[in-house]
Structures are given as C-alpha cells and as structure tokens.
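Please read the structure below before turning to the comments.
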Amino acid sequence: MMDGPGIIRDETGAQTLLGYVVDISAKDGKGRCVLDVGAQHGNRHGVLHGGIIACLLDNAMGYGAAVHVSEDGSAKFLTVSMNTQFIAPAPGGRVIATGKITGGGRNLMFAEGELHHEDGRLLATATGVYKKVAEGRG
Amino acid sequence: MMDGPGIIRDETGAQTLLGYVVDISAKDGKGRCVLDVGAQHGNRHGVLHGGIIACLLDNAMGYGAAVHVSEDGSAKFLTVSMNTQFIAPAPGGRVIATGKITGGGRNLMFAEGELHHEDGRLLATATGVYKKVAEGRG
Amino acid sequence: MMDGPGIIRDETGAQTLLGYVVDISAKDGKGRCVLDVGAQHGNRHGVLHGGIIACLLDNAMGYGAAVHVSEDGSAKFLTVSMNTQFIAPAPGGRVIATGKITGGGRNLMFAEGELHHEDGRLLATATGVYKKVAEGRG
Amino acid sequence: MMDGPGIIRDETGAQTLLGYVVDISAKDGKGRCVLDVGAQHGNRHGVLHGGIIACLLDNAMGYGAAVHVSEDGSAKFLTVSMNTQFIAPAPGGRVIATGKITGGGRNLMFAEGELHHEDGRLLATATGVYKKVAEGRG
C-alpha cells in the first residue's frame, strides 16, 4: 500500500470519489496519479472510462506544474485547456498517470502527460495548459 | 426529477459513481449529460473538477454520435481523442453537457460539445473524434 | 475582388506567402480569412494542406480575439494552443475561415473557428487559447 | 546543404511554397521537417507564424506515421485531428520539427511531435491522429 511523504489521499472531493492516489514523492519533477481500476470506473465497453482517464491525466499534469514551482506541491494551478489521445483500452489492474512541465513562463505553463498500465503499455497521452492561481486565492 | 423514455441512469459504473443523468429524449440530434454538482465533484479550488467536466462532455459527445446513427442511441462509439477548453468555473448547481456531430463518415465521426450552467453561462467547450464500434463487439 | 475598410492584405510575411485575405469588415465580432486554393497549397493527396488549414483558422481566431477587444482589430494576441479537426478535404475553390471568442477574461481568451468551402460544406473546426500582448510589445 | 537518400524536397505544393525540407534519412522511426525561418514566415509579432509551426509539426508527424509502416515513407496518411502548444517564439534561424508514432492500430495511428530551434530550445509540441489512406487512393 502506498503511504508516506508525498503521497496524497482524499485531498479533494473528486479524488475521494474516484479513488486515486496522488504521488509526488519521487522529486523528479513529475506528478503522478495512481488508480486501481474497478467496475465503478467502467464505460459502455466495460473498460476504464475516457473521462476518468482525462481526470487522472489532468491531475498528474496539474501536480507536475505544482512541483515545478513549489517543492511540496502546494502551488495551485487551473487547467486552461487539455487534450487527450486514447491510445489503448484499460481493461483492469493499476494505471499510473504521469505529468510534467514542458515549458512556459511564471503564470502560464505547458504540460504533457502519459497514462501507463502497470504492465508498461501506453494507454493515453495528454497535453495541457495550466495557469497559476495567485496566492491568497483558491 | 428527470425520468421517462430517453433518460438513462446507471448505465455504466462511471455514470453511477459520478451521478450524472444521460438525456437523449429531445430527438434533436444531441446527447446530453446532466449533473447536480456536489462537494464530491470538487477540485483543489472547491469547484467542479476539470476531469469530471471532461467526463460529461465526452459522454455527451459520444451520445451525440450514438443518436446520429441509431434512433435509440444504442450504437456504441470509442473516443479517439478529445480536447476541452475550461472557460469558467462551476461553483455549484446543475450543469448540462450537450454534444452533437459536426461531420465525418461511417466509422469516424467528429463531435463538438458545450457545458452550460443552468443559469445559462458557458463553462467549457470540447471537440472530439469518435470511432464506431463494430456490431458484436463492445 | 475583395477590397475596402476591414479588408487586410499582406500584413505579415506569412499572409503574403500563403496569399489569404483577412476580412474584419462585417462588424459581427468575427474574424475571417479567405483563401482561393491553388496547387501551391496542396498536400500529398492533392488537396488543401492541413497545416494551411490550421494557419487560416489560427488567424481567423486571432482576429476574432482582436475585434473582440478593439474595434479596428489592432489589438494583438499570441496563440497559446490550438486544436484542429479535419472534417472533409478541400479540393479547390474558395475557403473561408471564421473565428470568434467564446469566453475568457482580459488577458486569456477562448476562441472557436470553422472553415467552410464557398459551397457551404464544413471542412474543419478549431478551438484555441489566445493571450493578449501587452501594449508596447509585439 | 541537406541532400541524399531520405531527403525530400518539393514533394507538394505546400512544401515548395513554405520552403521546408523533409528528412527521413535517420531510420529512427521519426519524420523530420527542417525550415530556415525567413521574413516570409513571420506573423504580426515578427516571429514564426503559428500556422506554419502547425504545418511543420503536422508533416513531421505524418512522415513519422509513414516511416512507421513503410521503410521508404511512401505510405500516405490523412490528418484526422491535431493539437499544437506554442511554448516559445521562434525569432529566426533554423527550426526542426520531429514526429513519431506513439500507438494505434493498422488504420488509425497516434503521433506526437516537437519543434526545436537549432539552439536546442523547445518551441512547440503537438499531438495528432492519423488515418492510413487505402492503397490505390491518394
């Protein structure tokens, strides 16, 4: 079971509802979201719902932005836009979304993300634009 | 309370988990997903999570594709790629995602979607590419 | 031939090279780019190159942003990100890209665009994020 | 000057017009497009036009798809959709777009692309969906 510094559970309502774990423990500039896929995450085809894939990738990229500018990941970002490519279906097991910053300035940052199955297959990719929330807000 | 022909509840695990209602009752070529936003849908900013917005738009566009080719919406589509623009935050209340087909052929279709708050504000837009699942599969 | 107030030719190197005309004469909040497709715009399939389609849509959306905040369209915007869906091929004739703002704030704006053939067919759609350039720059 | 096997010039009208060189000589599964930026490629800000950036990335990804399925890059693909993130401006000099396949099946493939300046800076990223053209067509 994942636990310890940099492992974040139940930070938000959506995270609790979907049941994923945020992992920023690696100190490698990446944000990660880990989900053990269950029947409650399924779509009409009985595989992981594309919208939940987008959720994981969005959060991984947002945490990639957060750790890029704050060691503890406490900086907050709004998603401006994101794009997801659904490369392969995820029938079950554990999936890991990874996000990191590719460039940008102080306020607007560009990120990319990948969703892998625990068996190593690439399931989805994403890109996104993130905007830093001014301190005192959010 | 929404009910009757063309109102679809709990069709998938993800739909039950997130708690939205699919509405294809209007026979206007559009798919709709309706969500009453609660604390369980919130992000780090306390507003509707972008990933859940993507879920609703993806499903509304997928149902837009389904009703485009099958009167009862039973045709199934896979999401190939989708893009979401997060225009305004959704603090609470009811939100409605609407999706429709803009073009394409028999197998690959292009869709666009909009998420409105019940007060009329445009909260997000989306575009997506959808692929028809061959009958007998999915 | 298109001419008169709100018709912009040869404003930039790229515009001259590609040969399209910008039209912001309609005062309807939309930017337009008009191109008469020739062999010099063709791709490997002998139809209008997707990259040139993206050029036209990007410029139409950028001018949509410009006329949204300045009557004469003189305000300048940078493209942050854009997404294009290629719905149908454009074998020849005149094509018109139209762009308009869907929302946003003072600095960051969201736009959508459509490319139509002069015969009315929808050829491509786009969405984009645009950032206002501070006065005195650009 | 670039020349030799795998260097493609003037294959299409758009390529001649924009003046970029296609390079599939590396046999590393990537397509490349190289452009020496001139005034004719400029936008309203006097830097490389975003639409031309999209052109280069689209072609690099399309060639990435082509070399993925045919050693000589002769297989042809249509762009279904593409997304571009404009990370940094390109004031001049040489830029190189690189594209490769990230996944997909026989007909529909997913690609990602990057545009670098010759000095190593990342200027833009892209993702795209490509569809194989049936032989005998295109």
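So that you can tell them apart, the chains are marked A, B, C and D in the order they are listed, and the count of residues begins at 1 in each.
We adopt the following convention: contacts are C-beta pairs under 8 Å (C-beta built on N, C-alpha and C of every residue); 3 or more make two chains touch, one makes a residue touch a chain.
On a predicted model such as this, the values are computed, not experimentally measured, just so you know.
At the far end from chain C, in terms of centres built from Cα atoms, lies A. Set side by side, the interfaces C-D and B-D show unequal numbers of C-beta pairs in contact, with more at C-D.
Here the spacing of chain B and chain C, counted between their Cα centres, is 29 Å. For the pair chain C and chain D, the distance between C-alpha centroids works out to 21 Å. Spacing of chain B relative to chain D, judged by their CA centroids, is 33 angstrom. For chain D, residues touching at least two other chains, in rising order: 80-81, 83, 85, 110, 127, 129.
Taken as a graph of touching chains, this assembly is complete, with every chain in contact with every other. Considering their complex, residues 80-81, 83, 108, 110, 127, 129, 131 of chain C touch chain A. Across the complex, chain A meets chain D through its residues 83, 85, 87-88, 102-104, 110, 112, 122, 125, 127, 129. Put simply, chain B touches chain A in their complex at residues 11-14, 16-18, 38-45, 49-52, 54-59, 62, 76, 78-86, 89, 133, 138.
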